[in-house]
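In the two complexes below, chain A is the common chain; its partner is chain B in one and chain C in the other.
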Partner chain A sequence: MTFKYGGYAGSLLFADLTKGTVKKIPLEKEWCTLYLGGRGRDARLLFEKQDPSVGPLDPEAHVCISPGPLTGLLGPTTGRVNVAGRSPLTTIYGNSNAGTNWGPELKFAGYDGVVVTGRSQKPVYLHIHDSDVQLLDAGRLWGEGVFETTARILEEHGPETKVAAVGPAAEHGVLFGSVIFDFWDAAARTGLGTVLASKNLKAVSVRGTGAISVADPDGYYEAAREGWQAILDDAGFRTGEHSALGTSICVNWGNAQGWLPTRNFKESHFEGADKISGEEFRDLYSTKEAPIPAGRACFSCPNRCKRFGRIDEGKYAGTKGNIEFEGVSAFGSKCGVDDLAAVFHAYMLANDYGMDCISCGNTIAFYMELAEKKLLDTEGLELRFGNADAMVEMVHRIANREGRLGELGSQGSERAAKAIGKGSEAFLNTIKGMETIACDPRASKAFGFGYAVSSRGSDHLRAHPVFEMLKLSEGVGEELFGSKEAVDLRKYGGKVRLLVWHENIAAVTDSLGSCRFMHASYYAEYPVPELVNKYAKRKKDPAKVRSIKYHRWFEAATGIPMTYEKLLEAGDRVINLERALNIQWGLKKEQDTLPPRFLKEPIPRGPAKGELFDPEKFQDMLKEYYAIRGWDWESGLPLEEHLRQLDMADVAACLGKRGLLATSRTPRSEDGAGVGSEKSSPPASSLDDCEERAGRNGGTPARRP
Partner chain B sequence: MSKKLFFNPAHCTGCRACEVACSFKKEKVFSPELSRIRVVKLDEDGVDIPTGCEHCEGAPCILICPVRAIRRKAETGAVVVDQNACIGCKQCMVVCPFGAVHFDSARKAVFKCDLCDGDPECVKWCFTGGVTFGETAELPARKRHRTARRHVKAQASQGKGRAGA
Partner chain C sequence: MPVCKLCRARIDLSQTGERAHRCVKCGAAVCREHYHFGPNLCHECAGVPVSVKRRSFIRRPKQPAP
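Presenting the complex of A and B:
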């Protein structure tokens, strides 16, 4: 172990494409304890290295591609890698996370991340083979799809090379270009593939043959084994359904619960759901079925949620790849299309072109509604809900920026609406410029609220509060989040605290390099299995309840002392840092909101009929959220005191210099929300700490005597 | 009776936990390159194939080793390498048809699967049956019976129960 801490490789690769240089730079030790790695460290690095005046597609912009300290180790779900930069789609903080084999490979090559800046004069790709790092000519790869690019790089550098590539959509300047790892694994949201393409960087390929050590091998083995077992013990996992169907299990599940976005969010129940469901995909196209339901897994993951399939006959013959629920809903229910072959095909086209299937599908669905309302010149296309051919055609046009529809669509639906005018904005589902994912915010309140405050624009993966959908016992909700309503997806009670906790844990897992599914879907992490058992009708012996204890896992891997409370605080730190970045990049408080449709238009039919997101309740929730996060209610700026408490004095000082720091909390009359919310956050470390927190969030002036 | 590792591609999810579990057991670090078991990932076609030493009866690595550094262990039937005796000529790597012999550049010696003395670590981390450990002697009997049971099913579906349908 040459680096002070285990788990880390100890250095980053810094590529300046303008100069054509690639340097190895040592990892900042302090950032490991404060920001952990992956998403957290990437944000810190951007804060340090990127001047706020630099635009997303300027040569000086940076993109970080970083695994975390747990990536590549043995343990459940350690294949994650984070991609971060300033998003061209939203112009605020952009990041996306993928489950890969690329991330571990980079660690084995000896690096904790790759940072790219500058702009090459001609197309290049970065090839890393342990300490041998080169920028190679990508002239012959430019313009090629992601699959062809990946295949050719494998041919060139050997079949065990791992490849992250961008596609033609990103090259063309589609603002939601993705980075695709190992053929199928997408980090697509917020369009960072477009940033890489703007630098004339086609791919980053890596072959790593080294090793990663941990600080306490025996302790680590024990923690990893317990974590693995915790997933295997989980009641949801044991049904085998998620493994059998992948995330597409959500098609029928979401439809039954009434949150499957349908026809551009006009409705939340799709009559054709069965035809595009996970079950249908398994029966028609899945190649990996018998003898047991075995999907494909990311590195060291028991869950195997990737479903690989292939179409052998018909007009979409030759289509193959991994599908996920989001893409199926984007091209399926959102566009009203119930032809699974067409959905699968459009989805794989988007991947091959290298663009975010969610933004792409939503933009097409948005067009379809405008056409229905006669607000759009459809350029000869019959853009109506359910028309699979028009949908597939639009994927091509957007990726190639063909015609006016393609040109406008390539800039995302929000910019398209501005150009189209005629009140088309009313049919948008974007927040902070990004399209909303496949769960109707009116039908599931924690998800919905989470979209509004997510640091990368409308998205569920900042929190992924599936908790509210699982019908857990009320006691669990009450003990963790202070309200029995927390376990009811239609209700509002406890949802802010539920969201904050999920956001904090999600920031931690993204930073450690482990996957969201352990805490949302399975809830295998401490203290949920313990609480579920406590309120279960048939209880297990508490000594036999196993859970993922990230703090122990991290401590054993790195040697950095860690507790559950400190880890949650690290999550809060990451989110506050992202807020700081966003504020610098021009985010306004008014943007923390939901699109008008979700606040005004009740769901017309289906299981969630009549639901909407109550605008008054939304404001109350936002107030409570700001109080917990330590943000000023009037300005939305981070409060100096809160940042200092999070050991972020350097960040506070920097924001202060730019006039973007709130120094004292704006006085306000109703302050109950904050006090109640933080007082019993799980579990309070000590009484003193508890009082201090209550005081901090209770509306007292920031500078206490 | 000797037991061996069965590699079952249809059950393998390609997660590679076996690889890092192996390297950790043997070397106390996480490194697929130091693993005795390897998963061949054909991502383009969505196929994952676990591979490793088959502990062949007529093991070409034993035959070719000029210094008798490779031998069969009587207790487990495993083909094992004595790294102290190995001269690093790599001929065993050349003749192994499975790519199951690897070179450790730090020790300047080859390494391969030794079945963990009859308690393989990789199997403990595989929960889908992608790699299992079993008696080869029982294998044909098990397969005979599995196939035979298919006949029962086939008869049931063609027989009287479904005749009217």
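Presenting the complex of A and C:
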């Protein structure tokens, strides 16, 4: 069914590398109305196109690279692009989101996304110049780092081309290979760069000269203008700190609040935090000739949170690039290293090799703790917390899979622990196979709980519930999430509702192509400026309080009727679809948990001394979360009724065919089945086998009242 | 978008802090890497040895990865 909505380019590029063909396929209406775009549509495409039995690195595996309907439009922070597929690291749903100029360029070229499948006989890269789409030889680029690859493609196709590239680490089969856009913007988590490299695809370059239309230009202008104004009015944004220091502002902030992971999460307060902080980076390495410390920005962003710097002297001279908090923490505090030059260098190495700095840094920190406990043969390296040289050496070894440590490390810390044995699993910080980010879950309860239920493994960006860290008025917490404790990061009250709201809105922003920091609204009047103003000591005139209204923005851009409630429902739908994907890829309910360290070991010192995540409270929260999400408590499977309420009758039908659907909230039966009568039905091999799919809109799914 | 005369890198003026540096002798635009800030000359005109080799710190594997 053809359609014409604003905001969307109207078609996807479908590249089959085995056949060497690239086809243009029209967008389906349902992908836009129900799943919006970006992350939501990618999950839907994977559910439809990819057989559950296909492994992450099989030729038949699909990878989607998709901007959203707002990407590339005039409006704040519209530069996001989503990369999705089955993760080789976790073997469940994997996706990662990057702020770029690549996504808008793809929209200008006339496409809403690129879907890649198959495996080329020889290395190739996909070059898109408006309607001219070619698979070109990448033999001379194979083995080159991301920076060199990107530069050479720019030389070939002109400086205005935008490039997404994978690096040698992905080519070597490191399971957390990243996709790097335009030198430094990484979609790194879950290792989808490795999937692209397994297809012998080195890069996707794009140049677009077209335009994107919106359905209601006047309405869109007003909505976008209000969004801009909401950011510019925000007290947090107005301090300029986020722009001046980038996300590395979190180093000192996290340290002060006691959630900065230190020495492989043994502690949450780093005595060397000042030395690796955003302030230190600004003073030492930010390029000086700029009128303000140099920042890079994604497309149409007022914040410029990417801090660019360069090392001019010393043994790491020549290192340059932009840094983010996660990489600084991974190679810095988690490894106990307070040498910022080494941290910066290791970070840029990880980018050049094309691998996830979080998984890489965490794996090195894990090794360091094992070495400290004498559980690891360090192969001549002095692997101890604080040894910067050993850390940098390990980055090389992991990327090139050198030696046993490099080989095991390239598979991620969870697989490494299984191979090493000797009780090393006790020092892991992985959830669903993925390494935990830079916020200690014991010190920050909504973040911590969010890691456990995140659909892609341990990760904060599935929800990004910064709300609890902002020391807002208790009234805001009570009014929004039903508990005064919601504004206290150490407490548990209201945190499930808080998390669910944030997960839903995060799924929406990822699907629309807008930045997560938009809904975080730069950390002062977030998430609802009107409510913050109501409880503020110095109140503004309510008529002058502006907020970001995604539903109006989306409606004006696309012409698809939308309300706030329907938008949140779309977020719920995306998360339920990701759950469905995960369930069919083998996820078990038992994996919705935290590593033992966070449930058993209290934080030994610092501002969060004595904190741990209470296991009983965790179970209570999980139960509440499952009830809100519509998942069966006993089996963790999605409930048919809830999926139907979300207009996902076809998904429910397919899961039912595979015996992966719970039909009621009744307790598990004694024989352990407990997932409804469909349990005994033979699993279907793919969505194509489900009769219901053909007539997926022919059924009568009940709409939520 | 200007391109550096010496390394052919694009100079992305949309990024804060980026600007094309113009050599007062030859008039060409160069990136900050190839600009001599004292005399305001490009490295070629200033007699600075020009290296357009990009610095990459990655290490080639000693043997092909498995």
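Keep in mind that, in the parts below, the second predicted complex is superposed on the first by the 650 of 705 C-alpha atoms of A that agree within 3 Å, B and C clash if a C-alpha of one lies under 4 Å from a C-alpha of the other, contacts with A are read in each partner's own complex, and residues count from 1 in each chain.
Assume a contact is a pair of C-beta atoms (placed from the backbone, for glycine too) under 8 Å apart; a residue touches a chain by one contact, two chains touch by 3 or more.
Bear in mind the structure is a predicted one, so any value in this text is a computation, not a measurement.
Undergrad: In the superposed model on chain A, is it clash or fit for chain B and chain C?
TA: Verdict on chain A: clash between chain B and chain C.
Undergrad: Looking at the overlay, what does A:G318 touch: chain B (first), chain C (second), both, or neither?
TA: The second partner, chain C, only.
Undergrad: For A:T287, using the defined touch cut-off, is the partner it touches chain B, chain C, both, or neither? Pick first, second, both or neither.
TA: A:T287: touches chain B and chain C.
Undergrad: Identify the partner contact of A:D352: answer first if only chain B is touched, second if only chain C is, both if each is, neither if none is.
TA: The answer is second: A:D352 touches chain C but not chain B.
Undergrad: Have a look at where A:A211 lands relative to chain B and chain C in the superposition and call it first, second, both or neither.
TA: After superposing on A, A:A211 lies in contact with chain B but is clear of chain C.
Undergrad: Looking at the overlay, what does A:T563 touch: chain B (first), chain C (second), both, or neither?
TA: Neither partner.
Undergrad: Quick one: is A:T239 in contact with chain B, with chain C, with both, or with neither? Answer first, second, both or neither.
TA: The answer is neither, since A:T239 touches no partner chain.
Undergrad: In the superposed arrangement, does A:P168 touch chain B (first), chain C (second), both or neither?
TA: So A:P168 only meets chain C here.
Undergrad: When the two structures are overlaid on chain A, which partner does A:C301 contact: first (chain B), second (chain C), both, or neither?
TA: first
Undergrad: Once chain A of both complexes is superposed, is A:Q134 in touch with chain B (first), chain C (second), both, or neither?
TA: A:Q134 sits against neither chain B nor chain C.
Undergrad: Tell me which of 8-16, 26-34 or 152-160 in chain B produces the clash with chain C after alignment on chain A.
TA: With chain A aligned, chain B clashes with chain C through residues 8-16.
Undergrad: I'd like to check the shared interface: which positions of chain A are touched by both chain B and chain C across the two complexes?
TA: 147, 151, 287, 290-292, 294-297, 304, 308
Undergrad: Could you pull out which chain A residues touch chain C in their complex?
TA: 143, 145, 147-148, 151, 154-155, 159-160, 167-168, 171-173, 287, 289-297, 304, 308, 318-319, 345, 348-349, 352-353, 396, 399-402, 407
Undergrad: For the complex, which residues does chain A have touching chain B?
TA: Chain A residues touching chain B: 72-74, 101, 104, 108, 147, 150-151, 182-184, 208-214, 217, 221, 228, 232, 287-288, 290-292, 294-302, 304, 308-310, 320-322.
Undergrad: In the complex, go through chain C and note every residue touching chain A.
TA: 1, 3, 8-10, 12, 14-18, 32, 37, 54-62, 65-66
Undergrad: Residues of chain B touching chain A in their complex?
TA: The contact residues of chain B facing chain A are 10-17, 20-21, 23-24, 27-34, 41, 43-48, 125, 127-130.
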